[in-house]
Amino acid sequence: MTIKIGVIGTGAIGREHIDRIENILSGGEVKAVTDVNQESAYKAVKDYNLDATVYPDDVALVGDPNIDAVFVTSWGPAHEQSVLLAIEAGKYVFCEKPLATSAEGCMRIVDAEQKQGKRLVQVGFMRRYDEGYVQLKEALDNNEIGDPLMIHCSHRNPGVDENYKTNMAVTETLIHEIDALHWLIDDNYESVRVDFPRKTKHSHAELQDPQVFTLKTQGGVLIHAEVFVNCKYGYDIQCEVMGEEGIAKLPEVASVVVRKESKLSSNILNDWKIRFMDAYNKELQNFLDSVEKYGEPQGPTSWDGYIAAVTADACLQAQETGEEVDIKLQDTPDFYKKQVAVRN
Amino acid sequence: MTIKIGVIGTGAIGREHIDRIENILSGGEVKAVTDVNQESAYKAVKDYNLDATVYPDDVALVGDPNIDAVFVTSWGPAHEQSVLLAIEAGKYVFCEKPLATSAEGCMRIVDAEQKQGKRLVQVGFMRRYDEGYVQLKEALDNNEIGDPLMIHCSHRNPGVDENYKTNMAVTETLIHEIDALHWLIDDNYESVRVDFPRKTKHSHAELQDPQVFTLKTQGGVLIHAEVFVNCKYGYDIQCEVMGEEGIAKLPEVASVVVRKESKLSSNILNDWKIRFMDAYNKELQNFLDSVEKYGEPQGPTSWDGYIAAVTADACLQAQETGEEVDIKLQDTPDFYKKQVAVRN
Amino acid sequence: MTIKIGVIGTGAIGREHIDRIENILSGGEVKAVTDVNQESAYKAVKDYNLDATVYPDDVALVGDPNIDAVFVTSWGPAHEQSVLLAIEAGKYVFCEKPLATSAEGCMRIVDAEQKQGKRLVQVGFMRRYDEGYVQLKEALDNNEIGDPLMIHCSHRNPGVDENYKTNMAVTETLIHEIDALHWLIDDNYESVRVDFPRKTKHSHAELQDPQVFTLKTQGGVLIHAEVFVNCKYGYDIQCEVMGEEGIAKLPEVASVVVRKESKLSSNILNDWKIRFMDAYNKELQNFLDSVEKYGEPQGPTSWDGYIAAVTADACLQAQETGEEVDIKLQDTPDFYKKQVAVRN
Amino acid sequence: MTIKIGVIGTGAIGREHIDRIENILSGGEVKAVTDVNQESAYKAVKDYNLDATVYPDDVALVGDPNIDAVFVTSWGPAHEQSVLLAIEAGKYVFCEKPLATSAEGCMRIVDAEQKQGKRLVQVGFMRRYDEGYVQLKEALDNNEIGDPLMIHCSHRNPGVDENYKTNMAVTETLIHEIDALHWLIDDNYESVRVDFPRKTKHSHAELQDPQVFTLKTQGGVLIHAEVFVNCKYGYDIQCEVMGEEGIAKLPEVASVVVRKESKLSSNILNDWKIRFMDAYNKELQNFLDSVEKYGEPQGPTSWDGYIAAVTADACLQAQETGEEVDIKLQDTPDFYKKQVAVRN
């Protein structure tokens, strides 16, 4: 069976997902598109040679009875409405981050989904599909290093432009660690504090860079998460978990090893898209396969979207106040407690 | 457009390719199958839920006017006939190694393909699609280490069963290096010699293991290729090229790095299928994409199949005689000289 | 010329230094020893076959006109008096940490030394002589990674016994980082805070383990220094400096690389003495050579001892209060500003 | 006790050893020197501030009853006579390679030493004292990788001048592998063959570079030893042993790891003296300690010098003839069979 997909939002990320579905992955077909910019929607149909209807808006697209699943790849503030529409229509949803721009919005989605009685929504946190993170998760789940005590991780970009402000270190960058780390250790955040080292000269007026977030979990795990988006040298994602019996660390990205000019070296990537290309593909393929095979997606849930929203809000407050800020999460509903293995 | 595929041979490798086409890759559909064991063909249709005709033999399958491309995944001795049939019908062919069981057979295919005036055939040497080899090739093509002088490579399996005899070190194992190395350095083999170290106690009566092949190229490159199929510790593919300015080496397979019990360690794979899973997928996706986009496959050609056949024969003779054996290749036809980039 | 040495304190570390001077290094000779336990002093003379006088106390030993340099390797609280005696006698001093047990004591030594008009004292912080730290220092001094912004370091022991209490994480363990880090980045500490992750089950009642110290410098460098003395897996010293242009990290201890049983592994040490054996040797050889060649030691100064004392006190206060504690250092006297290269 | 040393040959290596004995190591003192160039001998005394007699020749120096041990660091052709003189006088000898310039010369030394009834001679093969080789030897001796089957090693220099001819690849370069490898695997060489890849453009008219020597041992171990003395990129010593259960490899030289400009890199040395500085020191310290402690040196013996001479001759013949050449070693005398541990 081929899953018929409607795409809401045909900007950059929407087009990439269309390309994946049509030209790389198996089991999905884009049959409907919409965008606030209708030109963009028509252009996507043409560029990707789609056999798809262009709808005026998300209401119309979701209403198409031929559509099995909706991809929400629009502007962040528009996500909540589209996701709620899809849930109410009983359709599967793959929603790019953020699930909603507020914790309350996420909670409305969580409530709506529970009313439908089964998981419909997957949030686009692709790290969980990265081979390195998958291995790290397995090492932890297999108790290879004992119970976790500390995590040290870094999210580094070679540079960002002037539109990137201090708060985006949370909403655009740390947000990936926020999702990945609680999943890795199966624990909930309790508080966060931010330290600002001296600003790198490669940053600009409205961006404090680097920043280090100190997160504590309910289980007592201490996390240092560095965000450094003008690190110059490359795009580099590091994550190391210290456990009671040992330590496990993400592997370096595999790269040919060269001996030349008195150096033993390998390449560091500069582009996050290349770094996580396989993860993006696996993320979507897993969404398609899970819907087909199990009747529900297996990836990050609406609840994960809610956790990300609450935690990001606390991180933003910590940036502003300089204080340690509590992260107040509601209890996880049983509905979202079921552990789901994402590996095929 | 979806490429309609007929699969000749529904054994293990045939089934894997069917699974890839149907469930992982994009742009192909299996519409016909055949196997000398008709039960097996019917079973494949059922197991993979194919919308495909079962034909009694390759002649009938190739004759189906709806079929665009033929996958030859049957028993080695049957390859030549199926490939020739497909070429004569003007159809694309993806043929697993060997292209034919003799140099003469390969040459008949080469001649037939040239008569058709365009490349139709891709041989299933997947190493060229492995990310590590792709990077190594790029390093060489970008002259990062200067002109190559020596190669040292190893092909190690944890173990093999009693059906694996001394000659299979060439036909089943070294054959991958034979294809990959001449492609890497864009050079032709000239001679080969074999050295047999003391046999490991983990081998059996009819298998000399390990073996080291010393190949020399027309350009003067000296290659040591170790085959060690009872190395116990894992499945491990190593390749290092020494050039005039530096050295480049395949990366280790990325794996979580663990500190535990006084060891800093990462995992070594045991399974060649996992090692080259991505390469297999890329190999077939590239075949489908190239046929679709360029009207001809871009991967290893019939001529590469011929080179492999001639070189493997010389390696077998070197095993038997203990002497240095000449590798006598005919001149490369212009038809096969066109360099084709395989990366998307 | 051979430097004639008097050793005050013939316990474990005193005996090790005697062994180094007599059997490993060049240019020194132990000619006098003393210990509060006179038996121990006589035993050292006998065990190491010394041609040395046993004195009843430090006053007598320092008074021996044949002695050029005094090694203070006694119980910490006794250090200050012995060092002051030696300085007043115009003799060189190699003093194991701590220089004195209080900042005031260190300041008395600093004052006494300045009155003598030349550097006489070297404090036993051996990290600066470790090949890895030397390389890291060179990388920073050569501006290879630009100005430093952050440091992440770890000091891990496989285990400690019940005598090791929470405060000893500062006085016995972190003390080495305290000295090494300000030297590395040529900066002064400004504040410190401690975070306590969940205690590892391998710790005991009176030891909070692990601990993470967050230090900030006057230059704005943010330091996370992890102390984890029941990490189980080995003795492991990590230090990574993030600069404006790149990152530099201590190398792993060189160890044979083994492929075996599906693991690629190298050994991690368990014993800090092996880890820093070369550093200890170089430290003392450099002391002897510098005194001989330049008429003053080149290693860590009394001022470094003072910095360590003030910083350690703040760290202890941070452990107790849970607050961020200021580190109030007096201005560095010109006398101690002269940069001295320690490499031969 | 201090060992009183006479040095025969005050050229570069002689002066370095004098510096070690006087300024770095413990337990030795240079009390006599000689050189065919008497100026050079006097200069050494002055430069190193020695309390030593200058003798007109080796006969006179060896005759000095105060001398315990003789260092032979003269021109290679002069070694045999000096070593024989010292043996006949019952004195210890540390002789730089070669022990003698012919197998017959080595045998005369072996015979003379046996007549004296105890080991007096140590040959200056310092690799055995390198920490990496020591670890590799331990791994093999502890059976960590099972019985050895193959060795792959490389000896690479960044460049050599025009005085370095093809044969020096054996006598100056491979000679270190010749000694180290048979020691590592405790086996004897049986034959050797040489392959010449295309010559690097960085070589010169009278030097074939690189070269690969294929050695076989009596135990069936196959060795590929690459000599590449214009490799451009650095001084690099590699050695990997493939055993029945796994593989062990020399570690890379520890070096700070830098992330910068899209590269993850560490430094490769260019200078063999830095590479083996510790090994040289340990070699001589072990000679001094062993003579003092055990009354005989524990390092490479005269018999090892003989093995090196015979093997090097066969390698030279293999270079000239292009054939596989037998390495005909006499049976090891019982006198030299005693295994001696060199680690302190």
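Just so it is clear, A, B, C and D label the chains in written order, and each chain counts residues from 1 on its own.
The rule we apply is simple: a residue touches a chain if its C-beta (ideal position, glycine included) is under 8 Å from a C-beta of that chain, and two chains touch if they have at least 3 such contacts.
Everything numeric here is computed off the predicted structure, so don't read it as measured data.
*Asks:* Just grab the chain with the largest centre-to-centre distance to subunit A, centres being mean Cα coordinates.
*Replies:* Ranked by distance of C-alpha centres from subunit A, the top chain is D.
*Asks:* Determine which of the two chain pairs, A-D or C-D, is joined by the larger number of C-beta pairs in contact.
*Replies:* Most contacts of the two pairs: C-D.
*Asks:* At what distance in angstrom does the C-alpha mean of subunit D lie from that of subunit B?
*Replies:* Roughly 45 Å separates the two chain centres.
*Asks:* Please work out the Cα centroid separation of subunit C and subunit D, and write it as a whole number of Å.
*Replies:* Using C-alpha averages as centres, the distance is 37 Å.
*Asks:* Could you tell me the distance, in whole angstrom, between the mean C-alpha positions of subunit A and subunit D?
*Replies:* Centres of subunit A and subunit D (C-alpha means) sit 58 Å apart.
*Asks:* Among the residues of subunit D, which are close enough to touch at least two other chains?
*Replies:* Touching at least two other chains: 232-233, 245-247, 252, 255, 259-261, 266.
*Asks:* Based on which chains touch which, is the overall arrangement a line, ring, star, complete graph, or other?
*Replies:* It is complete, because no pair of chains fails to touch.
*Asks:* Give every residue of subunit C touching subunit A within the complex, in rising order.
*Replies:* Residues of subunit C touching subunit A: 146-147, 149-150, 152, 195-198, 200-202, 210, 212, 214, 216, 219-222, 224, 226, 228, 231-233, 242, 244-247.
*Asks:* Can you check the complex and tell me which residues of subunit A touch subunit B?
*Replies:* Touching subunit B: residues 22-27, 131-132, 135-136, 138-139, 144-145, 245-261, 266-267, 278, 285, 289 of subunit A.
*Asks:* Tell me, which parts of subunit D touch subunit A in their complex?
*Replies:* 232-234, 236, 252, 255, 259-270
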